[in-house]
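Order of writing sets the chain letters: A, B, C, D and E. Residues in each chain are counted from 1.
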Amino acid sequence: MMYLIPLFPLIGFLLNGLFRKSLSKSLIGIIGSGTILASFIVSCILFFNVKSGGALPVQPLFQFINISSFKIDFAFQVDQLSSLFLLIITGIGFLIHVYSTSYMHDEKEEHFARYFAYLNLFVFSMLLLVLGANYVIMFIGWEGVGLCSYLLIGFWFKNDSYNYAAKKAFIMNRIGDLGFLLGIFWLLSKLGTANYNDVFANVHQLSSTDITGITVLLFIGAMGKSAQIPLYTWLPDAMAGPTPVSALIHAATMVTAGIYMVARSNALYSLSAVAENLIAIIGIATALFAATIAIKQNDIKKVLAYSTVSQLGYMFLGLGVGAYTGSVFHVMTHAFFKALLFLGAGSVIHAIHNQQDMRYMGGLKKYMPVTHITFLIGCLAISGIPPFSGFFSKDEILAAAYSVNPVYWVLGVIGAGMTAFYMFRLYATTFLGEFRGTEEQKHHLHESPLAITIPLFILAILAVIGGFVNVPEAFGGNASLHKFLSPVLKTENVQGLTSSKDYMLMGVSGGVALLGIIIALAKYIKKPELNEATGLGKVVANKWYVDEIYDAIIVNPLTYLGVFFKNVIEKSGIDGFVNGVGTFIQYSSRRLRLVQNGRVGTYILMMVFSLVVLFVIFWNQTIIINFFQKIF
Amino acid sequence: MNAIIFSAGFGVIMMFCSFLISNKSSYRHIAVVGLLLLLVVNVMETNGFDIFHINSYGMLSYTRFGLFFNTIAIGSTLIYVLLTGKDIERLGNYVAEYFTLIFFVLCGVCILSSYNNLLMLFLGIEILSIPLYILTGSDKRNLKSNEASLKYFLMGAFSTGLMLMGIALMYGGTGTFSLDVVRSQTGLYKGVSFLEIIGLLFLMVSMAFKVSAAPFHFWTPDVYDGAPGVFTSFMATVAKVAAFVAFLKLCYVRMTATSTAIDWQLLFAIIIITTLLFGNITAVFQQSVKRMLAYSSIAQAGFMLFALFSLNDFGSKGLLMYSAAYCLATIGLFAVLVKMKDVTFEGYNGLAKTQPVLAATNAIFLLSLAGIPLTAGFLAKYYMLASVIATGSYTWLVVIAVLFAAVSVYYYFRVVQAMYFKTGDPQTEPITGSFKIGLIALAAIIIIIGVLPQTLFNWLYF
Amino acid sequence: MPIQNYIILAAALFCIGVSGVLIRRNAIIVFMCIELMLNSVNLMLVAFSKMHYALSNAQGKGISESIGSDAQLFVFFIMVVAAAEVSVGLAIIVMMYRNVHSTDINFLNRLKN
Amino acid sequence: MTATEILFWFLSALALFSALMVVISKNPVHSVLWLIVVFFSISGHYILLNAQFIAIVNLIVYAGAIMVLFLFVIMLMNLNANTEPQRNSLVRLAGVVAGGLLLTVMISALRSANEITNSKATMSEGDIGLIQNLGKILFTQYVVPFELSSVLFLSAMVGAVVIGKKE
Amino acid sequence: MIALLLILIPVIGGLIALFIKNENTVKGFSLFISLITLVIALFGVYSNQTSELHYNVSWMPDLGSRFTLGLDGLSKILSLLTAISLPVIIIATYKNTYANTGKFFGLMFLCQAGMLGVFLSMDALLFYFFWELALIPAYFLCSIWGGERRIQVTFKFFIYTFVGSLLMLVSILFIYFKTADHSFAMQSFYHANLTASQSQWMFWLFFIALAIKMPIFPFHTWQPDTYEQAPTAVTMLLSGVMVKMGVFAVIRWLLPIFPNASQSNSSIIITLSVIGMLYASLIAIRQDDIKRLIAYSSIAHIGLMCAALFSNQQVGMQGVLIQMFNHGINIIGLWIVADAIQKQLGTKKFSELGGLAQKAPTLAILFVVMCLANVALPLTNAFVGEFLMFNGLFRYNPIMAGIAGISIILAAVYTLNMIQKIFYGNTVALTEKAYDSSFNINVALIILVIVVIVFGVYPQPMLNLTQSGVNTLITKIP
């Protein structure tokens, strides 16, 4: 049954891809969404199976690579962790598909079908990633989502800057993938297997260097995929794609892959303090860094994008401090509210005809009530306001961080405040105040159709209630997610906090978030930030010039190196040498033939001299041969 | 003995033909018949039928090797006459005399392949050379031909002087001209004779001159270039390989056992390298195909010298192989060359379009000379390289040789390029169908030898 | 007479001949110098023939007819060949003289490089 | 010093001197004449070595026939000292140096040939050089080369005709 | 018998084709012959009977050489590649016209026969013969039907490879004299009796020939020029199959004959290969010419194969074996598109192209799939090979593998650059009137895409095919 889950999207991909010219739009939409729905249903069944009976046995499909030194099956595995992810992926994915049928309706049929084919492929890859029973299958999905993101970001391929963004995404991902790949090689060379079960059962065979090496390399993969410092820059640029795609990338698929992988490998990570610290530091650094950038962005999607980066930083912080469940929990809640936010943003963008700059929005509250409400819920959820879902998941991470190192917690709380601030800056600029767009846009402003609003509704509900699945026991909940995941996330860092301390921490973070909201609302309802930022603000608005720095220290040197190789080394050096041999022979031919000067006297003279020389050589040949033997 | 007497006799017959028969082309036919007869009697002798039973008192000795070489030489001459006979007729009024001289050269060739006495070596070389001096100068009005003939003659006579000095010194050391007389025979001449070694050095130089090994090769390009193309073809092939065979015998008998302390290989290595260097490098820049072929013949000589260097079974077999491959290919190339009105590389431009058969066969000849597999030339080179490697030392020499072989590809393929890849309007003499058939047959022989060398060697060792 | 005297004499004559070939430009003189070389070889051969004759005598093996005389016959053949060569050589020189009215070996210099 | 020795040294000196004169003489006719002197002195050596047949043949063939032919050709072409082209001095020097080097090398190599250090060429004894003895060997053992040299002459004859005849 | 037929049919077909004048007849005939060859190759792949797969007759007893052909796992996969590639090439270039079509296809077949011979021969001298034999038709093909600078460029290619193969000949000869039974047979060669220093020297002589053919970093300069100038059908054959000859020869001959020398020199060679990978990738990034870009990308890929071979790991070898096949398929696909573009629009410069995806969507999609295979994306065939090869390299030296891995990233850079500049963006003047690829090109590409996907998803058959070969090889190597 497991194989059905990825099979449906694959069928959808093939149908939509192969018959893209002959299918009607509605049929395309039905195929696209229906296959995901089918997957979702199967996922639900499996989820309940798992919930009731524990992890399902590994189901091998066929031998993928079977050679004498190792054996890799194309095998699927559904356990607590993956079944949860399956639900998120297929569930949210389905909503996004439905949403897309309306959002992308303006496209030509051919492109419409192509879009859905890509989306299905995306989901398929992500499902492979999650379902795989070993790291290689995970890697296949891993690269697959990279590819799909490339295809979808560059969906409007006429626009070259979109293409650049797509390329950037793919390449950045590839950098991480290299690390991932090397990690797999390390595993394979030490253990001879990449199956999760075998690997986790045999961790004790690995030396600590091995574990550190493997985990760090795998984490590099996660950095790329989940957009952590220093490989995060592709994610904001990925906004070039259609908005539902952004939602898909940011919420359900792709970026959560890194979290999934680390959580999946918790048995390894928990054995390496180095790796854990690295993850925590990178995570919190990313969370803060991205948050600062988000504050000064004017593009609605960019703000959301940086918020994703920031949230992902939180998740990694959680992983780094051993709160695996917390991170997975945050993945889930984040999937709800980030999908909601993106789809909401998409609704807005859709309404004002592809205008993404929020300086030209404002006052949309009255034109788009549903969007407004759901968006607000999303903002509250992400800001960590109780009792919205974000609050519980974020606090679980922060609590764990506190127990490991209070500095993490302090930084995390600051980040939470900033999150609240920029989200409400966004909210205020977009929905409150007066509309600042053109008259024509204003004329066309309207609430989006049902295919858009229904998913928003569903997601809003989820964003509100999603947090309750794992209410900590301190709050009287039963931490059911914890219990559910405990067979998989065995090595979790058990919190040693008293409940009173827990309350205190929650209170502080909630308070800080609230503070951020208030400041933002106070600042931006009346006079939204319309001018270009200056000073430090400009630096932040330009993303700390990180892209420029990358260009300067990595991209440009490499390009120049390429030019240098191409024009200097290749032409004058290697080819020059090869041709030089030819030229030299030609030259020596021109010179040597002058010896043949046509005079008998010279010829005979040379003969006589050579005769004499041969005589001399002949009598002294022992000396000559010895001489040469000494040289060589 | 059959071949020597028949070739001399046919020379005389051709001489008489010159004033008994006035039809020019009948000379050619008589010559062909003569050569066929010569071939037959030689093969008969190879099989043990000696018609004359002349006691040569040890002056000549018949070995399978020598007789087989005779077959190659006579066969090559036959092919040569068949392909280029018509062009000889174009040359002047002395057609019968030219054939006479060619037969006399063959007589010299047969002597050289079976000599067993230094006197016969000397006579053989002279019988070989003197007709060639004349053939070189046969285009009397042409100053190039005059010049070539004078140069060839003067230098040839000079080298004869050197050779005689060598023979005299060898005689001084051993007291005999016979190659076979064992050194320890008289008791007095045990071990190495210094005089003989010096004599051998002189002899080596003069033989190196005859086979155009550097640095005694200087006559070759000028003479081959200046001589009428039809005769260049003959002297660059049959005459030259005959000198090689003679040289090989000399080395085998006299240079193998001169001393343990004295090693001829170093000298040969030096000569080989200089020969390859001069031949290949100088050929690169030539503008005339004819002159390029002259230099290439020097380069090929460099490879043939390997047989003399290594003096083993591979070497002697290889020399036969090489003679066959080299003669056939060069004769074919010259047969086409003398049909060309312009013998520079430009003159060959676009030949593949106007004369596809000529171009294709020419390409095969060139491939063979360059030593590309599945042609006779590859096996020839193969044997030569193998002979050196089999000696176990001087492997570096082989490496140098193959690098030069790659250079040789450069100038051989310039002709291919001109014929196939460039456009032009090549002017040729009228080409007959039989000429084309002859060329195709020649190319086929080269390929058959290359693919199934066993045909050649089964013949040799049946 | 010690054989060395003859060897040195012959070698000296030979080398004078070689020098002459190198020094002179007149084809006929060059050719004459070559004849000089051949003659020095003849002298050497005759001297060697007498030397070997004496040596085999001294060994007391009885006088074989051919010991020594083969060298003298060789000299005879050298003369024969030289005569033939002279006829051809002079014919070539005359032919060239007819064409260019010179016997300078450097006069014709079209074939080079 | 016996008469033979005196004769030997005299003839050697004469031969060397006239050989040098052949090379040095400006006038080709003088060269020819000096060459004849060389041949005569060499013939003298032959007589000293009791090789009468060779001595006579040398006089008849070389001094008599060949040199006359040379003289004839030179006369025919009307060559004299003035028409003799001169090489430049560098080439001459090179020629002399080459000849000298060759001589040095040869002699130094031959001097070390110990197998002949005590050998002598007998001057008057032994009759191997008589026509009778040589003839016997020539027509028995050397009959094959003798016959084959006819081919040489034939080709020389044909050659002379081909080249010399005016068309 | 199958082995003999595999060579014989292209030879005979080629000789016949040489003399057919009518263009359409030639094309049909060629397609027919190439398909027959393919069928025979498939038979060979699925057959297990030694008597069918081997062919052994006396050839040059005097030289110690026999005409020995054999199909084992190693040669099966490569003869399959050779047999597949020709029909695909013929289909893809079916509409191209050549002067003297008959000669063109005849030479193509002779070239194919030569390559098949290289893969099948189990006798060193025979191997050398075929090695050269494959070169000569290629030389003529490139020089007669190539681009503007064809004569010089092809000549350089020819001489360059010829030098290498002559050095190899010296090495082969030397080993021949060191074999116990003075024979050129493969098994005798494997047990040749060489001293350490001898095998060191002979190893390098042998290796240089293969390095030029593959080509490995400093010996590669013939390649981009030749690929650029050769007619595309020939380029496909050259890059798809002929460069595999070098890799193949390393596996078949070099490693088993010189196990110790190859191990002691592996660090040098691997370093060179890795340098070459990065070097070629960086140059590829800066190319403005489709053909040159593909050429440099090929250098990078071959460099990886060479590095994996010398890492002496079973995994790596296995990877190389299947990657030889896969790389052949992929690069032929890329050339087909490059050719289609050049034929249609008359340029191969990126700077003059753009937005072609709007005009030629089918071509774009197929090309993108081929490109993805080129960057070794999972579930394309190249992934499995590269995965195994990098794995082998990693076992040899993790740091080297890491450095070499950078080329994966660079490969993505230049490949995506290429896609973007050709197909994406807005149309330019040149591409305004472009139209989609013709039927035959689509057919050829779809065949390749199917192979790419099938072997990408289910590579196990290929692994099974080659496993035995690798196992026997591994036992040879200490």
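Points to keep in mind about this one:
Assume contacts are C-beta pairs under 8 Å (C-beta built on N, C-alpha and C of every residue); 3 or more make two chains touch, one makes a residue touch a chain.
Here the structure is a predicted model, which is why all the values come from computation and not from measurement.
By the document's definition of touch, common neighbours of chain A and chain D comprise B, C. With centres taken as mean C-alpha coordinates, the chain found closest to the middle of all protein C-alpha atoms is E. The most distant chain from chain C, with centres taken as the mean of CA atoms, is A.
Farthest from chain E in terms of Cα centroid separation is D. Across the two candidate interfaces, B-D and B-C, the one carrying more C-beta contacts is B-C. With centres defined as mean CA coordinates, chain D is found 5 Å away from chain C. Centre-to-centre separation between chain A and chain B, using Cα means, comes to 77 Å.
Each chain gets one centre point, the mean of its Cα atoms, and the points for chain C and chain E are 66 Å apart. Put simply, the C-alpha centre of chain A and that of chain E have 36 angstrom between them.
Touching two or more other chains at once is no residue of chain E. Counting partners per residue, chain A has 582, 593, 596, 598, 600-601, 604-605, 608, 611, 615 as the residues that reach two or more other chains.
Across the assembly, chain D contributes 87, 91, 94-95, 98-99, 102, 106, 109-110, 116, 141-142, 145, 149, 152, 155-156, 159, 163 as residues in contact with two or more other chains. Pairs of chains in mutual contact: A-B, A-C, A-D, A-E, B-C, B-D, B-E, C-D.
Listed in rising order, the residues of chain B touching chain E in the complex are 367, 372-374, 378, 382, 385-386, 389-390, 392, 395, 398-399, 402-403, 405-406, 409-410, 413, 417, 420-422, 452-454, 457. The residues of chain E lying in touch with chain A in their complex are 156, 160, 218, 220-222, 279, 282-283, 285-287, 313-315, 318, 355, 357-358, 361, 372, 377-379, 383-384, 387-388, 390-391, 394-395, 398, 401-402, 405-406, 408-409, 412-413, 416-417, 420, 423-426, 458-460, 463, 467, 470-471.
Chain A contributes residues 593-594, 596-601, 604-605, 608 to its touches with chain C in the complex. Residue ranges on chain D touching chain B, taken from their complex, read 106, 109-110, 112-116, 140-145, 148-149, 151-152, 154-156, 158-159, 161-163, 167. Put simply, chain B touches chain C in their complex at residues 119, 122-123, 126, 130, 133-134, 137, 140-141, 143-144, 146-151, 153-154, 157-158, 160-161, 164-165, 167-169, 171-172, 175-177, 186-188, 221-223, 225-226.
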